[in-house]
């Protein structure tokens, strides 16, 4: 059964919500059922942000997850908060340039990527989330790079389409690790 | 075939309203439903409609009162504290028999409370948070698609019965994105609005919209008219979903986003070999008592699950009328019931 | 012989419920005359408020809406935004407009909402039996200031025209009085001008009328007119507060 | 010549017209009580009326019609 | 022995409040309860208290919020539409756990409605017209004497439980005069108010009165505290009168002024040889379910009589729980149930 | 070495939640400094409102009450009438004070209620993500005026000080700005004066502070300060609007 | 059983409510249970006013009457409205200077007094209600002239006590008819 | 001589202090990210500080203590 339940968490401003939205959008393009549920409200201001994405073959019961099959964390508090949400054998991807510790659990698959550093080095800090999505795609197959690219075209305003090749490059770099 | 889009629940409500012919929106910002206003602010000017940010929720509901009197399809939206402020206006519009749509995307209370999802305004919505003997039609979507469809329905029901219809959602529904399938054309009820105050053009008697009748005999007669209308609606407009109730041992009663969580529970229970069903009220008022009559013989118990201290619970108990045990589990203040909590309650019921 | 004075068409031919000598009745007639003379009865929607005039929807021959206490400007906004080509007016007392409805009148004015407001200042809550209004004069005895309005306890009377005139929205604001023939005639011109401002699409117009409440002032109707002249005019100076030079 | 007509049943006996009539030809009719319990106003010397309509202008109850 | 006076219900509420130590009253005029304000305006300055006419009901309930936060015994009063406007403030005060007394002298609704007596704000008072999971203690006097005693009790209960207590009356009770017997001294509960915001004098941590808790886990915990308090009250504070219920064939359930009419009915029924009793809830919340347990075996049916379309009826049905038939008769919009109407209903029930 | 600048005692030593560079933080400090310097922390009751500063009851070390949106002046009235010897202030945003709370601020001012109001005008609803406020400037883009504030649709920005100054109740009203050191120092004097007016029992005092919202203005903190200087000062002239000659 | 249920009705301004209040007060002084229920609200303005008074040996069930044992009417509309409220053998007292018709019922005891004329003749129109109360006392014994006098002293402010002898005279005149 | 002390954990890197310092001795420390994810401000040439407290006056977060 095709069912992916993903949580993405970090600081506000790290592109947490747009990452989740892109995955949901790409999932839709793949013909799957999708849902996206963001954290919201003023606590996002300077504080933390997270979202829950489900991509599934079957109709989605609840968009609110208390367990997930994959988890992306982009700061320390998110690691603290969400590690326990991950199911056994689930995939945990962390931005190791910001997340200072490794997971305590051993029944999961862990991947640390220095995404923020990679992005800063590549010249666009805002793409750090894309490296992590690349890794997610590679490890879970939740969506394909092709649907991701289509999603970018669908979601971004025309004025930002010229950035898409760079973003795809970041995605592939993430997948390659 | 219509359009298929990935959209936020709040935005879908706004889009659905516009598709339903609503060209007048009056509101005041409040989390977690501000996206409705943002969407309206962007879109209304493009369709020749009016988006107006009122100075308060009180002003907003009264602008709705004015636009509805003028015969327009009109909507306002808010969240819990803002809806409390609209209670006088809601009672007035109900008393004056004005059609309009009010959206409440509930958050945790009481007071300023929090901004996370909640269902603790059920009493207020269904029993009358305002004064006097009135009702609103209360529709509880549980998916983004349903937010679209029920919003369109809300306008039609409001016009058909000349009364308020409320969309009762919560922060989950308002904030989540799902794929929504838009119809090419909406089924729009064209109601007679010859009662509207549009200027008589010296061609008819002057129309009056009022809720006051100082002679109590007249006011009672007016109230009897309302009650008769409500009786008809209770007879004709109950809506609900029955999911896997056929051979359910326990039937969960839940609405809105909690009903979705209940579907997860049903899966998990199935894995444990427990047959659980779901009775999902779609109209909270009229409460779908007919659904209970359909399934009453089957389960050994009902389990009401709400994001509240147990409000719909009373209507469930009234509908069940002592014929089966009714249990409750819920979370409050913005906490979301977890599959595990509900499973624990189910095991407890079975152990009894 | 020609008729030189008769009831206007826009005033329904039924008795009004106001107390003997209450100038609410004069205000009504002036509004109705304006509707007649401008030929707008058929396209006018009036908003009655909550106060002694709560049911003037029986009296005005145009389409009418009864609004919640203080909210007439918001209701009027809803109507005007729905029917921009119609003429919309509210008729509000000083409790309604200047107490509970403060936010609504200020914001309708600030928005420059293209409506006309008829504001009856009788320095009291008439309908509910004579409580203090925001416009009650200092030392005035009311049922809720039994020892007289004391600024330390009850604050100072609000001058609505002066306050609203600080906003950029209003096109025309004038204060008039109903205490004698001359002033009634001026009041009528003001009402007509206010409607003309709206017809011309210039924006928010308001006419404040100093009016009597013989019943709750505990006076005869004549004494009440004198009170306007002798006591109210000083605190509430007549005149145009916005749109002095506006030609319509 | 001028004529004023009072709809007595509508009069509330407030006395405002009496006060403003420049000719002082209106008075309270203490003989009559109308359906609402008021002593209505009436004109006593119609021929003195100048049709100024002051009475009608100040009457809060639209009791008076003036012709000239 | 205390004073014995012929007084109006509304005035007695005001006098009782002052005797109970209330020195702060904030209100906005509305029929049929204006006499409370008039009385306060006259008396408060004489006892060194504060009477303040607020600019609106919304402002009044928020002034109450302030005075209650400052640790004072404080009251506001209004009638139906005005109480609707207070719903946000009521929810806030409940959320912030502030003690205060709110009086609603009900009139016919919905909307501007009328000014004649009604009981159609029962739902609003007992289920929460505001948002969120909160309750008020709701006391329903049925005589001028009881208006006095229950008003004093309301202040004590409010302080004891740190919550709102409402006196729910109607136009009959507010306007009627009866003889009231004042006690020489009132039984005043001295509650701890160390939580009040009175200035810390650099001697303690700063106190905070708030109803917001953005963390839903914290807000849920807060709500659980409220619910636990409500459970205790439901256990300890139910009040009711049972009148001739011992051998009653039919028990009328009625509160407030309608309960008095019911006593007339009992007399008339007796003349016809029909044994009718009265179960009179004095606390509407907590609803006196214990009273029903005491009498449930006796009558062949319950008959709920209200000046509404049937609101308390739901609580009666929940209390009876299907064990006996429950009937209803009522009037609306300011009409008062007549002895004849109720007798007709009784005869109809017996004919079944 | 002597300490020439440190956090005031009346400001609790915890981090504040405001966005980087948001001048709400400066306003907080100024109020706290005034409480310190006047030695009134222990007898002050502050009222927080609903806006980004909803939870400044965590920050101010005096007793605090969180009030419903717009109602802080009513809550403050309830407190001051209960504790006349205490010092009571409200801290309100422009949405809170000038939109939903219009009636409450006007009437607290008209009553001459002896309280102090700190009014943060940042021309926007910060908390709820950048909607138009009554003070939003013409043409300003917000989430509810996506095409810019158009006076025809959205009316004109309200100048609160000017409006309240038409009332007889206020003892002291001043508009200040937080956009540079000089103005921050003036702002501090205004805050102190406002509290002194209250201490002296003179009646209602209000200090309006022009403040930034870098987040919802879509600007860096520095650009935001420049916007005050270049755009806001013109429409919102600084100065004393009531109580110019009042000595306290 | 001592039980009197009285309705008094007429125009606002005729002293309808104060008449009722006086009777209730006097009844209290007589040691009886009493209740008084007035019509209220703006319809009283220029319109009609009425009140319901009960004086009884036993506790009073309801202050709201839909039948009465005595009725005083002071204008035509009140005669129309309340005549049917009167119980068989009940007492109907009308101010015949204002009430233009006699009752249609014959199963009651009817008394017409030109009270307003009598009062105007005696120099104080405001006392018209007292003549009617006099008649009520005489025909029903609901209270005594003595308790009525005490009630006047109890209810009226000191400044009006000098009027009481005149009022008692009016009462006795009413009783004498 | 003057000294300023920055509580780096409280700094949100808004840059206001940098702008107002008459001696231009404050800069953003791009090397560090504090617990809240910001690059905190720091003084680079403390000995140039004149203790004017401009930085502290404009700092919205009470990060800075000034001694002289």
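Going in written order, the chains are labelled A, B, C, D, E, F, G and H, and every chain counts its residues from 1.
Please note the rule applied: contacts are C-beta pairs under 8 Å (C-beta built on N, C-alpha and C of every residue); 3 or more make two chains touch, one makes a residue touch a chain.
Values in this document were obtained by computation on a predicted structure and should not be read as measured data.
Think of each touching pair as a link: the shortest run of links from chain F to chain G has 2 of them.
Using CA-based centroids throughout, the chain positioned farthest away from chain E is H. With centres taken as mean Cα positions, chain H sits 53 Å from chain B. Chain A and chain F have Cα centroids separated by 41 Å.
As a whole-number value, the distance joining the C-alpha centres of chain C and chain F reads 34 Å. Centroids built from CA atoms put chain H at 59 Å from chain E. Across the assembly, chain A contributes 41-42, 46 as residues in contact with two or more other chains. Residues of chain D in contact with at least two other chains: 12, 36. Under the contact definition stated at the top, the residues of chain C that touch 2 or more other chains are 18-20, 54, 66, 68, 99-100, 102-103, 106-107, 127, 134, 154. On the chain B side of its complex with chain C, the touching residues are 24, 26, 50, 52, 54-56, 58-60, 62-72, 74, 88-89, 92, 96, 197-203, 206-212, 214. For chain C in complex with chain F, the residues that touch the partner chain are 99-103, 106-107, 110-113, 134, 151-152, 154-159, 162-163, 165-169. On chain H, the positions that touch chain F within their shared complex are 1-3, 9-10, 12-16, 19-20, 36, 38, 51, 53-54, 56-62, 64-68. Taken in their complex, chain E has these residues touching chain G: 4, 6, 31-32, 115-116, 171-172, 175-179, 257, 260-261, 263-264, 267, 336, 338-340.
On chain A, the positions that touch chain B within their shared complex are 21, 24-25, 28, 33-38, 40-42, 60-64, 66.
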